Each structure stands twice: as structure tokens, then as C-alpha cells.
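What follows is a pair of complexes built around subunit A, which joins subunit B in one and subunit C in the other.
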Partner chain A sequence: MSNVAGKSYAMNVITPVRSHLAWVNKVIFWTALKLPSTLKGLITLSLIHYARWVIIGKHQFPHLAPEQPKEALSYSYMLFFSNFNGSWDQYVDSFTFAIPSGLDMFWKWNIRYPKSVALTPFHKYIQYNQIETLHYYNGYPLATSNDVKSAKTVKDALIAFDQTAHEGTDATFLKRYHTLLRGLQHDLGDMYPTPIVSMSAYQVERRTRWHASQLQANPLKRGQQ
Partner chain B sequence: MGNISGKAYALTILSPIKNGIVTGEEIAYADKVRDLLQSWNLLPNSPMTQVPQTYLCRYFVLDDVYTESLPGASVLDTFADLLPVVPDAVRRRILPKEDHLKSRYLVFSSNFHGGPAGDVDGYLRGMWNAISGQIKQVWGYCYGFDQVNDAASFVGYMKKCQLPATLFFVGANDEPLPEQLKALYLKQEFARFAVENQGLEAAVLRANYHAFITRVAPTNLSGPTWEPGQYRL
Partner chain C sequence: MTKKLDLLDIQGNVLRPYGRFGYPVARYVFLHVSDGEKGRAFVGAVTKSVTTSVTWGAGPDQVPQPDWTVNIAFTYQGLKDLELPTASLIGFSSEFVAGMKNRKDILGDDGPSSPQAWDPIWRENRVTREKDVHIFISLNAHTPGLLEDSYAWLKGMIEASDGGVVLLSGHLGDNNAVMDYQDVKVVMENGLPTAKEHFGYVDGIGDPAVEGLTADPQFVLGRGKQMADGSWAPLATGEFLLGHIDEAGEYPPAPNPILLARNGTYMVYRKLHENVATFDAYLNEHGKHFPGGKELLAAKFVGRWRDNGAPLVKAPDQASKDAFDAQLAAADQQGRDALLSNFTYDDDMSGAKCPFSAHMRRINPRASLEFTRDPNDVPGSLKVSTGAFDTPGALTNRRRVLRRGLPYGDVKDRSRDDGNHGIVIMMLNADINRQFEFVQQQWINYGNDFKAGNDKEILLGNHSADERFASKAVIQVDPNSDQPPYFLSKIPRLVETRGGDYFFVPSMTALRMIASGVVDPT
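Entry: the complex of A and B
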């Protein structure tokens, strides 16, 4: 199990939707897609890298070979995948506090959805229907979503600044450099690894440390290798 | 199309795993797939580091569809659960129906840079070229994968397993991965430079700055930069 990769957490939730109402859900998502202002609430949740909703009709589970039995389901299913920074509680709570109505709109037609307020039934709804990830890969485990966004700002500003860095006196350079730093003060900052980057990194580093300590304790083994 | 947001692409794959047991190993095919994916967690880094343009991706096995819930907010639920006079038959009718899958599914969900047109073919070809060995191992227990023998047939197979995203939200960045990794490297290095060079004479600062820029080469994506999946500085 590996729900964590660096500063990201992978959440998978699968919930049943009444098949005859799945199209209503799709229309709501389609509207959200066409009117990005409806997603304003989501944008304020700057801890999200990427999130998606997938509605699988009850007859739409992939069927690849004649020997594969065909599914016979009562409901359609909605899959929700999210990649976010921070803890499970922080994420679920921030959803409830920041976009309760948006959340209700997306899950409204799901079986026994308890609504996002009050908090405890909503926590339980997600806990009950969450599936653990087996392998989670993050291309930039040291960075949060905000780091990724601010890194682009820093890179663009630095490249623009550098184009005139050879011009003018040293005093002019210093003034412009200070302006650059003032402009980037919200975007700069060290990115340190989290204590456990992922279970894999943790295991690998633990093994490495163990081997090193073994070699230190038994120098003879080093010669034998 | 719901799979594309800006230049980012949401790939959702559900590959049905064969029903039955691996001959000689007494383990279900789905559990074998689970084992293989778990074993990736013990490698120094994920095989997905080699697949170009992957921002974040995950694998899991969907054993069954299930739902567990408390009574919902609807009027019928409330009546049925609170009033002891409601007969059991009525109470049961209101409960969700029991659904079960007939196959277990390998779920692969990837967020990657696909460009404005969403080049999913190019991404999957890149994936095959980078880790075809691991792909054959994991997907080898899935229905229909026996027809896959090269990048083109892998792309065709994956598209049969693909499900469209109803809504894809990008909260981070949809630039190509090498651009993002270079930007993160620069952010880290420049933050340190700014701290280490505080209060210097203008001429000294300028000289240090030029040395810094020569070292970090902001427009050179090939290096120095962060490696995909790098988890230590």
C-alpha cells in the first residue's frame, strides 16, 4: 500500500450512482467544464495537484475478451481520483469548509451521499468507499502544488531578469535585483523532503542504512565482497 | 473532451484481470498483479520515472464495487431507520442493492503532459518503449493482453481499456515535465542564492550572480536539473 509519494497523497473513491440519474451527474460536470467560474471554489484549494471524476455506466466496464464474463450491475459508478498535499483530514475538511455546495452538487446523485456538512458523516462516507493505492508515483515528490506553480513564476522572472543583467552600473543591477526579490518573495523558499517520502524510499533507505551499519560492525565482510 | 485540461491529460485505464489461479503458484491472478505492483515499492525508485512526461500516476486493483454507508439524508432513509414500526421488508427495499463485479480490474490512472491535442498515443508509446518489461509482467494477467506485442498494439489495447474522465481539474501546472523539474531546481537554487548573498556590495553580488547563472543555466532543460521522481536533495 502506498497512498503517499513525497508531498502528495493519492485518494481513490468509488461510489454507486443510480443509473437513470447518472446522466444528470454528467450534465452537471459538463456545465462545470463549460463554465470554469463554477470551479472557482476548487481553484482556491491550492493543495490540489490534479483531480478527476469518472462516471462508469453499468454496461461500460471494459470487456476485452469473449471468455471474460460480462458485468451485470444495478448501478453506475463514480470514481474520484485526487492528488493533493497534506493529510487526509486536512483535505477532506478543506473540501467541506471551502466548497460544500460544489461538493454536494458533484455527489448529489450518489447512493446515500450524506452531504458534506456535517463533517463526521461525510468523513465516514469517504472512509467507507476509499480504495488504497498499491503503487503511487510522483514526478516531483519534493514539491507541493504551490511549489510547482511558484517555481514557474521564479523561472520566468529569473530568465527575464537575466536578459538585462549585463546592462547598466552595479548600482542599477542591485536595484533591479532587489526589485526581483521583492516580486518573488511569495514564491521563494526551500523545499525539504518530508520525513517519510514514500514507503519505497523509506524501505530503500532503511536497507541502505542497515547494510552500512553491518559493514561498519563487521569490517571483514567488506573484504569478502 | 473531459480528458484534457490545458496541456494536461487524464488517462484512466481499467484492465480486466483474468479470473483464476496462476498455475503452480496457488495465487489468484489479481493477487499476483497486486504482488508485482507492491514489489515496485521496494525498488530504489518507481519504474514510472522512466516514462516521459508523467506528473503523477497510480496503480491499484479494484476487487469489487461496494458501498458502505450510513443512512443518507433522504426522507425515506430517515423514516426507515428511525421508526421501529416500519416493516423489515420496506426497510430492506430502501437499502442499496448489492452489486458485485465478475472480474477484478487493474486500475491505472495517470496525469501527464499531452500537449493541447492530448497526445495519449505518444505517451503510451513512450511508456511501452521505457518499461515494456514491467508492463508485460503486470498486464500479462489481464484479458486481451495476449494480443499485445509492440508499442502499436499496446496503444490499441490501452485505448480499449480507457474510460473518459467526466471532469478533469488541474490545480498545478500543465507545462512539460522537464520544464517543471527545471523550474523547481531553479526555485530551490535561487532561494538559497538569495539567502547566501544578502547584504553584499553591488559589484560582488553581481559577480556572484553571473557565476550562479552560469552554474544553473536557466534555459538548459537537460541540466543541471531535478531528475523525475527525485526524492532527496
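Entry: the complex of A and C
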């Protein structure tokens, strides 16, 4: 069990909201999607892969088999699900530093929501209502969402460059090559393991093991030392 | 700025970088508490001489400037052995309890920076109880002679503690001599004191402007926090002092009782060795190829020109640097400060002037982390995402630290790395994890917030010597130019950690409480 896979963190937060107010949340979500400018802050926070808010009515929780006891819920619930790069602190703090009013808008009708500023009560609210991730798979453990976007940019640019690479003189080739590099100057970051974002023994050991296996898989070539 | 702080209660090193107040030499001494009761008596005796932040000057009711200053701070172990109640001790932050050595994975103190390679005093710290570092005492003086006077006074105090506190040896000095103390001093050039460190950069320019600590309102431009309307305001006191409201509108988490914490702060002490030969060789090698030459490349490493700290965003090439120098020479103190500090990166979002991996842009991105790509722009461009965040500096304001400290040693042979030369940096903040450690981990040793993957900060990054983890940086160019970006490949480890720990700097009130054994969390 871990909230962390590679450079990514999966966060699930489920908070009660009064059933007769849940529709207000739905209207806000709908409006936010219709007016992308309201999500500008969220989108500018490039550590976020995505964030999703869903209202689950009190009768909408799955009932998988007749023998599963029926629960009597007093509230509807708001599920917040997000994947991001970096640590829990960095993510939660970025939210409250950068877009506190946006957060308050989404969570405003949730029971005992303390507002996103001050920080300590907000941290506690998220911690108390967070559900640990049981299983988390990451296809690109070395990549952040920025890295994935950059990789796509680099690939597209290289393919385009290659189409006409054989044309023209050496001088025009060099000029075009420089243009290619210049266009990719924010897309060429190295990809190595993540900085430690969780001090859990499991994460620390797993990172050490990854490092060791990389070294074993890529022995130094002669002359590199 | 309306807030008035009790300067007589706040230790002087919180307010003042002493090097800039006529104290070019200093000595840092570390002690172990062997006996709680006698140790508290020692703290009480030293407290009578501790320098506060009070305004110096002549005239009635004024405090004369001392010939030398004394300040004191404690590790978690120290406070424990001075017998603070457990209910108070558990209120300190977990990273302070753990100490710098145990945070090596967060800080990236690996390879030549790993604790096994630290000076003996730091290597042996937190291994056996009798070698644990408990107390930090700093002495800053006008002259080397006065520094010796202050040290003789301190030795007398230690002697008089009757075994209550023991001086811990183990600082490496010239020729690896094991010293009883860490000496630091300003770097001299042609017989005159400078504000430079051993790589030749003018240092210590961008100290934050803090509510109640910063008297001059002009000083806030470029140093405080930028508001949504573009104006500047001082950062909340609680970012740097416990017991005051912080940028989140709350009192920073702190131990009980409130009097123990109020007007105190956390201090990160770090001894950083500078590999001057490696630096010179790397700069010379790339300086030969870099368009604009070696000095411009040196400026690209840091974001400021070496000789006077001119920021690259204002002086991106030699011609603009010449004009800047003329302005700087003609300016008064206030004008100089504005020239050197009043800027953001908003006119340099693509990094063409100051690269994203430059020291200054990484440790303080100012109000310029609010950025995005626009697919309609020329490839290689980034731009400000105006209004995305509640204020432009939202992601930076809570990551600031007050920087104190001075260089140590002399460079006697620039062709060697292994001399006794570097810098002791002390960073003050209310939350070590949120401020110092975050910057160290996410912005110095990692680059994702700058869309730079794992690329590290050029100067301080923990660059690997292993080819399979080679470090590089991209020196960006104007996306509308016809230049290619410059690649700094295989960046060597230029700076190595040689030790340090996390300390608590109590207020004068708290010092007296600790000394009298009356800390009562009730």
C-alpha cells in the first residue's frame, strides 16, 4: 500500500456535504467547466496531473451483494481525487498558497470545512478525510506530468525536423538545428529518480533499490571512469 | 509597516547580518551539556551578555554598539539535556527533533556531502550521547583582537560552569588541523573587506523584507511579497519569528508555553566547502565556448555578475552591464538597493537573461512562478499566466529564509580543491521543513517547478560524479533570436556539505526561562 508511485502521489479525500446543498456543488463544478478561466490557477500549478471532484449521493454508494449490510448515511459525499508530482505538503500548500478562494468555493458547503487559510486547520481537515491509496501503478515512474508533456513535444519536434533534415546546405541545416534546440529549451530536463517525498521506510528502501538496479543494469563503459 | 517588535527580546543575529554592521570576523563555538542544573546556570550567565536586536546609537536611552556580540542557540538534544519538560519538547517540529544529519535524504547530502565526510564534530554528533552538539554560541567582533577577547571571555564562562558544559572540538581548519571552533571572516581583496565568497561572487544581497524587522519602506521593493496590483509589502513576521502571525494568517506551530517560542526562531547551520579549483576549471573550460564570454557565463551560474552583484535581468550583457555600473556608481544607498534588489523575472519568463537553473532564480523565484506555455507563441517561450494565483508570489512567499553567515578560510592555492575554504551559512525561518528544506530539495536539487526535470541548481546542486547520473543545465536564449541554447554538461559538485545541524534561537525571555528551569507548558 502506498500513496506514492515513482514521482506521483495519489490523493483521495472524501468529505460529507449536506444532501440538500450538494446540488450547489454540482452547479459550481458545471460552471467551472464551462468557464475555463476559473480553473486557470489550477492549470498553472504544473505539478498537478489532474484533479477531479465528484458528488456521491447518499444512496449512490455501491451495494455489491445482498449480504453487504446497508448503511444509513446522513450526508452526501464529495470525492476529491487527484494525482500530482511532489510531496503531500508541497501539493496541499501550493493549493492554499496559490488558489485559496478557488478551494473554498469547491469545499464551502462541506461539513466542518475550515477554509483553506489558515494552513494548519486545512492540513488537519485533509488528513482526517484522506483515504490511503491501496494500489497505485505508474507506467512512467521517472516522469512528472511536465516531463511527459515535454517528451511529447520533443518527439513531435524531432519527427518534424527529420522530415526535411536531408534538404538544404550544411549552413541551413545548422540554422534549423539551432531553431530546433531553441524551441525545446524548456523540454530537455533530465529524468532521474524523484527526490524523497515520503519518509516511509518502504519508499526510502524502494528508491535505494531502484538506484542500485539502475547501476547494475547500466554498468559503466570502459573509459567512463 | 505598522508593527513594532520588541527588539530587546529578539536576539541580534535574527535582525542583523553582523558582517554588514562592522563585524568582519566571527567564531562559532559548540558545547555539550554534561549536567542539566549546571548547564542551566551557564545559560543564565551567558544570557546576561547576549546581544539583542535593539537599535544601537549614542544619546539618551540609547544602547552603544558592542565591540563584540554574543548569540546562543540550542539543538533538540540540548534542550532535552537542559531538562525542558517533555510536554514542551514535543511541540518542536519533527525535522528539528531529527536534526540535519537524519534529514540527509531530504537535503541531498550524498557522496562527498554525506555525513561520513563531515567535519569530526558533525560526524560524531548524534552518534554517542557525550559527543552530541547541544549549544551554539556565536561571537562576532570588530577586529581579530576583539574576537580573541570574546573567546577568552567565553572560555572563562565554560570553565566557571564547573563541568556543566564541555567545549566540543572537531572543526577542520587550515591543513586539516582539528580546531575547537569554527572561524569565519569576510574575504579580503587588495587589503579591503569585500562581500564576496571564494568563487568571487558578491553575496548576501537579497535578504527578505519582514514586517516589523525592516524599517525602510523602500527596502521592501523586490524583497517582500508582490501583491496582485504589482505593489510590494513586507512578508509576515511569522514567517521568520515564532509567536507572530504568518503568511497563512495563523501563529506558526510552536512549542508550549507561548513564551518559550515567541520571538524565537529556528536556525539552519550549514558548513559548505567550495571546490575552487573545480569551479575555476569548469568555468574556464565553458567560458572559452560560451557566447558572451567567461564573466557572463559566471553570471549565468548565479543570476548576478560576480564583481558587484548586478542582476542579469537588468544587465543581461556587457553593454547593459556597463550602463548598470554607471547607474550604480551614481546612486545613493537607497538607489543602490533598488538597482540590486527591485526586480522580478516577469520580463524574462523564457530565461533568456537569467537561466532557470541559476542560483538566484532557484532559491528565490520571486513573483515569477506563475507561468505557462502558450501554443501560439514562438517555440521555446514561456509567459506569465496573469491572475492565475491569488497573488503573483503565492508559491514563493512561504519559502523564504533570512540568510546570515560569512565565508571561512583562505584560498591559498586556487589550483586545489582541498584547502580550508567555504562558507558557513545560517538560515533563519519559522518552519525548517516548509522553508529551508523545501528550497534545498525541490528547487536546488530538483527542477520540476521550473519545467527543468531533474536539472539542479548550478552552483549548490548535489551534482553526481557518476556518468549515469550526470548533471546538466540549459542556459536559455531569447526564443526570437537565432541562437541555440547553451548546454552546461557534466556539471561537477562545486559545493560540498561539511556539517551542520538545526538549532532553536530563543528570545531573551525564553533564555531566562530555560536558565531558571521555569519552562512550564502546564
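Here are some notes:
Keep this in mind: the second predicted complex is superposed on the first by the 189 of 225 C-alpha atoms of A that agree within 3 Å, B and C clash if a C-alpha of one lies under 4 Å from a C-alpha of the other, contacts with A are read in each partner's own complex, and residues count from 1 in each chain.
What we mean here is this: contacts are C-beta pairs under 8 Å (C-beta built on N, C-alpha and C of every residue); 3 or more make two chains touch, one makes a residue touch a chain.
Owing to the predicted nature of the structure, the values given are computational and were not obtained by experimental measurement.
When both complexes are overlaid on subunit A, subunit B and subunit C end up sitting side by side without clashing.
In the superposition on chain A, A:Ala51 makes contact with subunit B only, not with subunit C. Contacts of A:Tyr125 after superposition on the shared chain: subunit B is touched, whereas subunit C is not.
Contacts of A:Lys40 after superposition on the shared chain: subunit C is touched, whereas subunit B is not. In the overlay built on the shared chain, the residue A:Leu188 is in contact with subunit B and with subunit C.
Once the two complexes are laid over each other on the shared chain, residue contacts for A:Ser150 go to subunit B and to subunit C alike. By the document's definition of touching, neither partner reaches A:Trp210: not subunit B, not subunit C. Shared-chain residue A:Ile111: touches subunit B; no touch with subunit C.
Contact comparison for subunit A: of subunit B and subunit C, B touches the greater number of residues. Fitting both structures onto chain A leaves subunit B and subunit C with a minimum C-alpha separation of 6 Å. In the superposition on chain A, subunit A positions 43, 46-47, 147, 150, 177, 181, 184, 187-192, 199, 204 are in contact with subunit B in one complex as well as with subunit C in the other. Per the touch definition, subunit C reaches subunit A in the complex via residues 105-106, 108, 247-250, 253, 350-351, 356, 370-373, 378-380, 382, 385, 387-390, 394-395, 397-398, 433-434, 438, 441-442, 445-449, 451-455, 466-469, 471-472, 474, 476-477, 479, 481-485. Subunit A meets subunit B in the complex at residues 1-2, 5-6, 8, 10, 12, 14-16, 25-26, 29-30, 32-33, 39, 42-43, 45-56, 60-65, 67-75, 77, 79, 81, 83, 106, 111-115, 121, 124-125, 128-129, 131-143, 145, 147-152, 154-155, 158-159, 162, 165, 170-171, 173-174, 177, 181, 184, 187-193, 197-201, 203-204.
Of all residues in subunit B, those touching subunit A in their complex are 2, 8, 10, 12, 14-16, 18-19, 34, 37-38, 40-46, 48-49, 54-62, 65-73, 77, 96-97, 99, 101-103, 105, 107, 109, 111, 142-144, 157, 160-161, 163-173, 175, 177, 179-184, 186-188, 190-192, 194, 201-203, 205-206, 209-210, 213, 218-219, 226, 228-233. Here subunit A touches subunit C in the complex through residues 7, 40-41, 43-44, 46-47, 85-86, 89-90, 93-94, 96-101, 117-120, 144, 146-147, 150, 157, 175, 177-179, 181-192, 194-196, 199, 204, 214-215, 218, 220, 224, going by the rule given at the top.
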